[in-house]
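Both complexes shown next keep subunit A, but they swap its partner, so subunit B is in the first and subunit C is in the second.
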Partner chain A sequence: MTQVASDAAGGPGFARSPWAARFPAMRAENISLPAGAGGALSGGLVLVGLGASVATLVMPMIGEAFKWKHAIASFHVGAITALTMSLGALFFCMVFHLVNAGWSVTVRRQFENVASLVWVGLALVTVSVMLSVWKGGEGLWSWMGMERGENYLLDKKSAYLNTPFFLLRLAIYAVVWLMLAGLMNFFSRKGDAEGGTEAAARARLVSAPGMLAFALTVAFAGFDWLKSIDFGFFSTMWGVYFFAGSAFVSVATVTMILAFLRRSGRLEGVVTVEHFHDLGKLMFAFCVFWAYIAFFQYFLIWYANIPEETAYYIHRKQGGWENLTTLLMIGHFVVPFLILIQRGVKRNPTLLIAMAFWLIFMQVMDIFWMVRPAVYAGAPADAVPGATALPLDVLGILGPVALFFGLLIRKVVSSPLVPLHDPRMGEALTHKNYV
Partner chain B sequence: MSALHPDESTAQRLAAGALPPRGSPAPGTGDGTLIDTPGVRSPLVLNNRSFGEVTNIICGYTENPPGRWWLPVFGLTSTIAGIGTLMILYLIITGVGTWGLTNQVDWAWDITNFVFWIGIGHAGTLISAILCLFKQKWRTAVNRAAEAMTIFAVICAATYPGIHVGRAWMAWFMFPLPNANAIWPNFKSPLLWDLFAVSTYGTVSLLFWYMGMIPDLATLRDRADLRLRKFASGPVLSPLLPIRIDRIRAYAYGFLSLGWRFSSRHWHRYEAAYLMLAGMSTPLVLSVHSIVSTDFATAQLPGWHTTIFPPYFVAGAIFGGFAMVLLLLIPCRELYPNMKDFVTLRHLENMAKILLVTGMMVGFAYSMEFFIAWYGANKFEQDVFVYRATGPYWWAYWAMISCNVLSPQVFWIKALRQSPLVIFIVSVFITIGMWFERFVIIVSSLHRAWLPGEWHMFYPTLVDILIFVGTFGIFTTLFLLFLRVIPVFAMAELKAVMPQADPHGHHDDDHHHGHGEVHAPKGGH
Partner chain C sequence: MNAPARFVTEKGQPLYGITAEFATPAAVYHAAETIRDAGYRAWDVYAPFPIHGIDEAMGIKRTKLPLIVGAAAAVGVLLGYLLQWWGSNVGYQTVVQGKPFGSVTEGGWESFVPITFEVGVLLGSFATLIGMLALNGLPRHHHPLMKKDRFLRTSDDLFMICIESKDEKFDPDRVKELLKSAGGTNLDLVEDK
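Here is the complex of A and B:
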């Protein structure tokens, strides 16, 4: 932290950068924020986040109208949203190293920042998991409270769906992601401190096996934390679906950070309209990729019409949930597709901020669509609360997401806004799309 | 500058505008392109070729007589193609009973081979469209050949729907054409979507390939025309028909190049059209094999109905397609003079890495299928997968796993993914493995369906086998013809990624020259 603080004050790390001598844009005040910048906003968000999270989890204790399962589900939506931002960012960090990307060097630090907060998402998910373990059948994962012999399908799956193994898997995912995110950040800071090409080469070396571990852990985490809420449902595509949403929301988050940094007068000539154009293309691409995966998963299940699988979708096509399903189709794909396909939008950071907000909201809605309908599945209609439970949903989602963004602001401020010495920095600074 | 890393000095020397003596590259960098230092881009064209040299070398492949190998190889492949065509004729005359299909396994090699060939085609579109959008400059050395391969693979694939309807003269019923009996194809059938997907794909790929070729065809036209004007005599078609070959060339290439005059307005239109076609082809890379996968995945048959099929088929198609590109290009770069200057070891290494990535993607899909078959707790689904691995077709399953998942793992080792021989051998394995993948999915799911009384094995007949072998003949024959008449490399694009094409070249950022720091040469990967 002290090293970082001195860097942020224009310390030796900046002076040693060979790029600073060649590109005036790499001057210290352009690529760093003063220590404590955004402190009020960050503190406020953290307070709001903590307050909303605690309130969500206290409500079931005080009011009969608020069910534990509902509270945990809402909180879980926010927690998973925060986690997917970090996971997607981790994916991009590794891809940039693997393909030796030049253009992305000036935006990579923000991907690293978001990825390094994977601990926040993990901690939040751990809270919802632990509460569910504590509450058993009242928790989010109904199978946690079920006995052997109670359900045929669960008995068949109990070698995988049992609480000890579930917790062990959580620990494994946590170790893998914390290690990968930690290494990505470690090598990046090492490059800041030492210069040269060694750190970048090491990061690439780690990324290759890292990607393999990432693919497997993300797929199974998606199974555990989203799919197994409805333990009867299964889909081989689920891991890819979870990944698609993660990659999608992380680009939106990073684009938003960078656009705000540009508005605060930083990164001028470092992150240019060309970089926003490319980030916009990534947003567009993953918007389409998400739709592709989501569509085919639905379509193949609809077409084959096998009851074990269709139950999941049928539940989301009635009881009011059909409105959310329609919103996702239009808001998560059609609208952003038509907007982001335009060149002018991708080259306009202000519009991109609006798009990023919308897309993050859509990711929340997508996770909500996966988690929330399961809460009152099978319950009689009069047991489903109407607007009275709305505070629970709003606070439950707001809490983890606000907490995540509050901590993210602190993280962004704490280090130089770009990797100072990256050997590919020259390419990124002179990056042009031409078309 | 003496403090430079040896890799970097090699890169600078090879890519520099000045012409230092041609020597051997620094040790550890292969042909000088295997530079691994982050921030250093390896040269894409070796030996300081000038634009003129590039044109002469590449046009020379079509203008000069081919090597002695060409005619015997062409004779062999066209014979195989001929046998395959005769077998198709026999099939049409006799009927699909000549295949080894049974009541139980009523869809076997015909659809296996169709999916196999359609998959092969995907590398071409990926290279020409997706890598273009990703600004991967190394694609310029392989895109023309890969796109040609795509077209030929689609031709081979398109043969199968035509013949496996049984009555080939009724094949037009596949198209939704109005007819007197008001019989329409079933629009709810994935097989019809397949028809639309594949024909769209074939059309767009052909357009993309042809449009990218126009400037190069114009170059060939101008060169033939120049020779006609400059020299009174030249090779003629035959002594009886004394038409100069250059005259035929001038007319043929002249017709195909659509009046291209290399004007800046032409280039402007060309670039715009290229980008639009790249944008349109990109969804096609994903859509075609996704639709092909729905042929199976929409069914309720255990082993076919699984939601990961669309992206899994796409990854597998790219995997198989890149293996085929390498199978074609590695021998070519040995057989044609100077081709190693354009298809460098770095190009091969990049493609080997793509093989490793896509191979692990299909490995991921295999394991997901297995896991969900267990997790789904459906007895029939589980048994299909157990039978795949341990039943009568265990050899096909393990051939698939070892070829597709295990064999590319050698590319984790740098020395092996940089060796053309190793890449070639692994590509052979992958091609075999990808055929077996389709065979496993199709036949192993069909041969033991619901009732044990209906369990039958599938045995291919000679007609099955010879038609499949014949499509390889058709494919290679077309590729050999392509090598003779069309520039194997996109010359115009290749020149655009050479150092000379950079208007700023070594003059950009003048103010920082002489600071003694690394100045990475421009280039692709």
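Here is the complex of A and C:
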């Protein structure tokens, strides 16, 4: 066997990859990007992201018209969107290891890349939390500025909803997610460097308890960072709702990365139309799952008709917000459902890029729907004070999301595009859908 | 018996087809490719277990079943919704919990969603089962191949291909030649009775 690959071209450990010798598609230039590729785009996005984020958070310091609550809310929407991409990707990394998935090996590295950026989402959310703690009642979480005795429901919930415990939980989520995302990446890169099957086995071992910790932390993070903005609301389904959106947007993000990599001439014969078909199925599945959870959370509350629960939805069903609610029903479920149910669409990477962009936009709108109506008590007529709302919302959302994608490009370029030695690589390279 | 049989066996029975046996899935797979490329349409592969990719090797087109199921599910969704809409708004108007009777414009459509979904799933699954059986020509009580003792081994350790006499290209000598050249052994005639 001639040794055409070198460590320099394919990254450490490439030359010893058993798959490189057996599959011509595993040649170095096919599964790696040159150092510095996409540097301009990445740098530009990071600059735009930082600029927009800083601008959003500086605006309330300058003008009276710009409210802190509003600025933090808009920024929070972007921050949570970035965070959910990483959380969903972390979920898929662990699921792939847990079920010993073969087909997903060639796409798993991109899930790992997205998951490894969980620190970005965490840092961004920490910014909105810290600003809110600093601003108290003017911040996003109005309960942070409220005294005992002011509100009956808050008093009842105060054992959980108090600032010190809130910050402690933030720290716990951060430790759990950074550790899990770090371990997933550590074992994957370790496998690249050392070969053998041990790294994959270790990753699976970590994934089992990891999944348990992930489920609990994600559910409670959803309660803390989204639901408790409206602290009077009750919904035990909220954790699943938050998770459904996360899984959904992470598949869209990874599909987009892979489709762009294919367009740049990489991963030829490694990530094939069969893999896109499967990613399309996941997109479709989580699109339906999201709709199921979102509707039934609403449905039970609508049916039971208990005032403290219905207030949340009534607020979002009148005064202009109903347009956003309708957009979510149609744009987040009906349209993607009818498009993605078609086999041809799932097997067309170009169409999947368009779908991925749309679905990421819908995730932003979903988070926006959760966060933004809480900023002003009344209808959007009060919520749009002159022309100040739109720039804040656009900048606030754009900042964190652009920053995330800028850093993501850098991350994707930094290592081989697939796990080099994974024992299931052969299965993934010859993967085929028989339906 | 409508039209007289195109081919008959020495016993005077109408000919159903010609079988050939294969020992391994790989052999039957490649034989299938050969027969597909020779342009035959009325033939089938018999194997003890599903062989991945055999559809492609046989040149079988994708099933129309999803379209049938989709249409049935859409009808189910429509029927389920209409059933409830008619019952709540026209037939038996009843105020429940002070909620609207239920329509998309006036509100109250929410209560229709579970049943609408369920009827859609119900008709969809009926269409899946019945459509699958119909497209496969099932149920049938008898198949000419069942008369062959060696055919029973295709549910155990044997792979078989049968080219049927109703194929337009069917010509006994050329079919035998083709099956032999594709690696088939123990060629045999199957009577249609």
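As a working rule, the second predicted complex is superposed on the first by the 416 of 435 C-alpha atoms of A that agree within 3 Å, B and C clash if a C-alpha of one lies under 4 Å from a C-alpha of the other, contacts with A are read in each partner's own complex, and residues count from 1 in each chain.
Just so it is clear, a residue touches a chain if its C-beta (ideal position, glycine included) is under 8 Å from a C-beta of that chain, and two chains touch if they have at least 3 such contacts.
Predicted model only: the values in this text are computed from it and were never measured.
Novice: On subunit A, do subunit B and subunit C fit together or clash when superposed?
Specialist: With subunit A aligned, subunit B runs into subunit C, so clash.
Novice: Now for A:62: first (subunit B), second (subunit C), both, or neither, which partner does it touch?
Specialist: neither
Novice: I'd like to know which partner A:303 touches here: subunit B for first, subunit C for second, both or neither.
Specialist: both
Novice: Is the number of subunit A residues in contact higher for subunit B or for subunit C?
Specialist: Touching more residues of subunit A than the other partner does is B.
Novice: Looking at the overlay, what does A:432 touch: subunit B (first), subunit C (second), both, or neither?
Specialist: Once the two structures are laid over each other on A, A:432 reaches subunit C alone.
Novice: Among the options 6-14, 42-50, 96-104 or 168-176, identify the stretch of subunit C whose C-alpha atoms clash with subunit B after superposing on A.
Specialist: Looking at 6-14, 42-50, 96-104 or 168-176, the stretch of subunit C that collides with subunit B is 42-50.
Novice: For subunit A, what residues appear in both contact lists, the one with subunit B and the one with subunit C?
Specialist: Common to the two interfaces on subunit A: residues 299, 303, 305.
Novice: Would you pull the subunit B residues touching subunit A in the complex into a rising list?
Specialist: These residues of subunit B touch subunit A: 36-40, 133, 271-272, 275, 283, 286, 290, 294, 297-300, 305-311, 360, 364-365, 368-369, 372, 375-378, 412, 508-509, 511-512, 515, 517-518, 520, 525.
Novice: Show me the residue ranges of subunit A that touch subunit B in the complex, using the header's touch definition.
Specialist: Residue list for subunit A touching subunit B: 18, 21-22, 100, 152-153, 156-157, 160, 197, 200-201, 204, 208, 212, 215-216, 219, 223, 234-240, 281, 288, 292-293, 296-297, 299-301, 303-306, 308, 422-424, 426-427, 430, 435.
Novice: What does subunit C use to touch subunit A in their complex?
Specialist: Where subunit C meets subunit A, its residues are 52-53, 55, 66, 70, 97, 99, 110-111, 113-114.
Novice: Can you list the subunit A residues touching subunit C in their complex?
Specialist: For subunit A paired with subunit C, touching residues are 295, 298-299, 302-303, 305, 341, 343, 432, 434.
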